[in-house]
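Below is one structure. I have some questions about it.
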Amino acid sequence: MALLTLEGVSMRFGGLDALQDVGFHLHEQQIKALIGPNGAGKTTLFNCITGALRPTAGRVLLEGRDVTAWPAHRMCHEGVGRTFQHSRLFDDMSVLENVMVGRHARTSAGLLSAFLRLPRHRREEAESRQAAMDALWRVDLVDRADQPASSLPLGERHLLEMARALATEPRILLLDEPAAGLNDEETERLATSVRRIRDEGVTILLVEHDMGFVMDISDEVVVLDYGRKIAEGPPLMIQADEEVIRAYLGEELE
Amino acid sequence: MTFEQLLQYIFSGLTSGSIYALTALGFTLIYNATGLINFAQGELVMLGGLSAVGLYQAGLPLPVAFLGSLTIVLIVTVLFQQLAIRPLLSRGVLAQVIATVGASLALRTAAMMIFGREALPLPAFSGDTPIRIFGASLNPQTLWVVGSTLLIVLALQLFYRRTLTGKAVRACAVNPLAARLMGVSYSNVVLLSFAVSGAISAAAGVMITPISFMTYSSGALLGLKGFAAAALGGLGNPVGAVVGGVALGILEGLGVGLVSSGYKDAIAFVILLLVLFLRPQGIFGGKAVEQE
Amino acid sequence: MSGGTSSRVSRFVPRNWSFAVLAVAVLLVPAFTRDTYILSIFAFMATRFMVVVGLWLLLGLAGQISLGHAAFVGLGAYGSAILVTRADVNPWLALVMSAVLAAAIAGLIGIPTLKLKGHYLAMATMGFGEIIHILLIQLKGLTNGTDGITGIPPLSLGPLNFSDPRLYHLLVWVVALIFFLLALNLTNSRLGRALQALRRSEVAAQSLGVDTSWRKLQVFMLSAVAASIAGSFDAHYVQFVSPDSFTLNVSVILVCSVVIGGFRSVWGAVWGTLLITILPEIIKRFNEDAVNLVFGLLIIVIVVLLPVKSGPLARLQLLLRGRERL
């Protein structure tokens, strides 16, 4: 059974069809990319999967279970983590503290134990700290742990977003344009991290414009155009697909 | 309740409803331009009323006092916008909201220091002789209030639908970034929205003063009711603001008839909470109010 | 808030030192003075401090504005006054009952408003404040209208009678300091981080598993409880309550004190409380009415000229500690 299944997901904003009848499977430990011209509905689809938006039609299934329109925080508990296109770091916190917020779903101290610093809470804090450091290690940001998040350069902001999502112990990680604004060296570093994360057992769905990166890293690619799925398959097949070429050429001509 | 009484309550509801409608419009204009709820909105209404009283007592004829009051509030609003809101436009809504909260406290206190603590009257625009309609008496000032409200709403509609500036403002409300790319100056739109909002609120304040008097402390409740009206109609929706205002006024009028006048001011709050509980997008659907 | 692992130990100690210094300083006040006027200023400062710390958690940490906190103080004060003078309830029980009521009302207001985006809570709490003010005046049978309720007995605990101002000083400051310590712990916990995160981005916080509506509701109710308890203490200390003490202006002044102290650390609540206690005493010498005008203008100046997260005093405090990073 597929880890994540989309069935006929549609999203209307007013009179605009942002997504029409989109469906595909995401299998365990796959790296799948979602590409398409600007405005094709890629981020909207992410929002529908993660519960940030409620699709107007269709279903989202996690291991066969219907999780459509579950609230975002619950999807996190279910093991769906994500990053954002325009990074939404907590700029007034340190790098480590950002990642520690990611431990929220995996810890449980309540108001009382936080108030009184009960032993259980202190133990949990220590564990959170350790797990957050591990997540930073996985994206190679350990030496930044004590710096304010606002001081990071763009490439490292993407990595921090990833570390933060990894700290939630996701089974599926959704990355929204992780390579945007990165130079070649940073992109290479990102690809290494993404592969390592996959090898550690996390399934990955990513939205990306950097075609070199996409074709290099993904097992499968889904192409969206004007909210519809126009192609799906391995990178080589997608590169040869005529409808895909048309969609992209159309964009360049604009 | 007899028919005459019912009509009477509806008349009085229509009067205060028009004022709530104008205040709600004031909220809407600023909300659409900036996404912020102006907590000093009611204070602008209060300031409009009291300025007119001050100018009238200084010996100016009533129409001149009316226009003078609009000018004063306009200046205050524009100054506040330029000095406090403009520098905060890029800094998020929380800081802007705090600035308007500070402005509400400052304006309220300044009004108390200038005009004192007493409730001050203004003569009715055209006499006090009530007009009899179906056994109920209609205060001529009500006609002034309702008529002017209609005029203002119509003028706004024309401005926003027909003029280039108006269209630019609407474009900004829909998509600030796109509007900016098209050469619309966002900060000018915000300035304009504050100015129009201030003038409308001042007009509302002057018109209601002959009926219900004005004190330095009236602003908070007026603002609250204007906001309740805007939420009832759908925050960000100008038509909703007007309908919400009139509906709130009439509900309040009937509430006074059915329950007690002592709790009149509680009605708006109960309606506000009910709207937020049951239908946060309001009757006519406002801008997305749920979390993005 | 922006420290980290390696400095954890070194930061833990100075923070507790600051707390110890604060605690010793205020608790020693009665050793130096018997002046009832000075002691009364300190007594009000303690309850004000509790309210401001609670409001700091709501506004400074979670970024949610309440314009009705004076009404929650009023709820505690009137709750205690009515239960104790009319129903002969034990004062401590009355204090708890009032706090429970405050929490319930906060829940009622918070549930519909806190799941919406924007600042609906601020408007709803403002409305709530106005309603409470109206009810306190209108429900004459219960509240005695504008005359207020007199004859509220001072608190006592076994052989201790807190009508002695110096004894009361110790009581109210111990309570306030304990609450402050709890708040310090909270900010430094999983829940504190969640609240700080949602202030910056609710969407991001949700994607990391934070149930933002619930957390906002929780901290709002907590701040309402703190305000109510403070009100109960005031009522027993002054032995009199009237509607005038619980107006919108008071609520706004409370917001001012959080803004003045800064959002950066809950220590801002200390400086904010200090300033709203001292500044009016100075302004009153020139013009009694101008106090609120100054506060209103002051917070505009602060948010315009300084980042909200670091009020002027928070900045000064950081400079004094030699921590440049703002």
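Just so it is clear, A, B and C label the chains in written order, and each chain counts residues from 1 on its own.
One rule holds for everything that comes next: a residue touches a chain if its C-beta (ideal position, glycine included) is under 8 Å from a C-beta of that chain, and two chains touch if they have at least 3 such contacts.
Since this is a predicted model, take the numbers as computed values, not measurements.
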Could you name the chain whose CA centroid falls nearest to the centroid of all protein CA atoms? C
Quick one: which chain's Cα centre is the longest way from chain A's? B
Chain centre separation (chain B, chain C; CA means) in Å: 32
Between chain A and chain B, centroid-to-centroid distance (C-alpha), Å: 45
Taking each chain's centre as the mean position of its Cα atoms, how many Å separate chain A from chain C? 40
Touching at least 2 other chains, the residues of chain C are 203, 206, 212
By the touch rule stated above, which residues of chain B touch at least two different other chains? 292
Where chain A touches two or more other chains at once, by residue number: 52
Parts of chain C lying in touch with chain B, wherever the complex brings them together: 63, 65, 67, 108-109, 111-113, 115-120, 122-124, 126-128, 130-131, 134-135, 138, 199, 202-203, 206, 212, 248-249, 252-253, 255-256, 259, 287, 289-293, 295-300, 303-304, 307-308
Can you list the residues on chain C that touch chain A in the complex? 1-7, 182, 185-186, 189-194, 196-197, 200-201, 203-212, 218, 222, 309, 325
Quick check on the complex: what are the chain B residues that touch chain C? 35-37, 39, 83-84, 87-88, 91, 93-95, 97-99, 101-110, 112-113, 220-221, 224, 227-228, 231, 262-263, 265-266, 268-269, 272-273, 276-277, 280, 288-292
Help me check something: in the complex, which residues belonging to chain A touch chain C? 50-52, 71-73, 75-77, 81-82, 84, 88-97, 100-107, 109-111, 114-117, 121, 124-125, 128-129, 133, 145-148, 164-165, 167-168
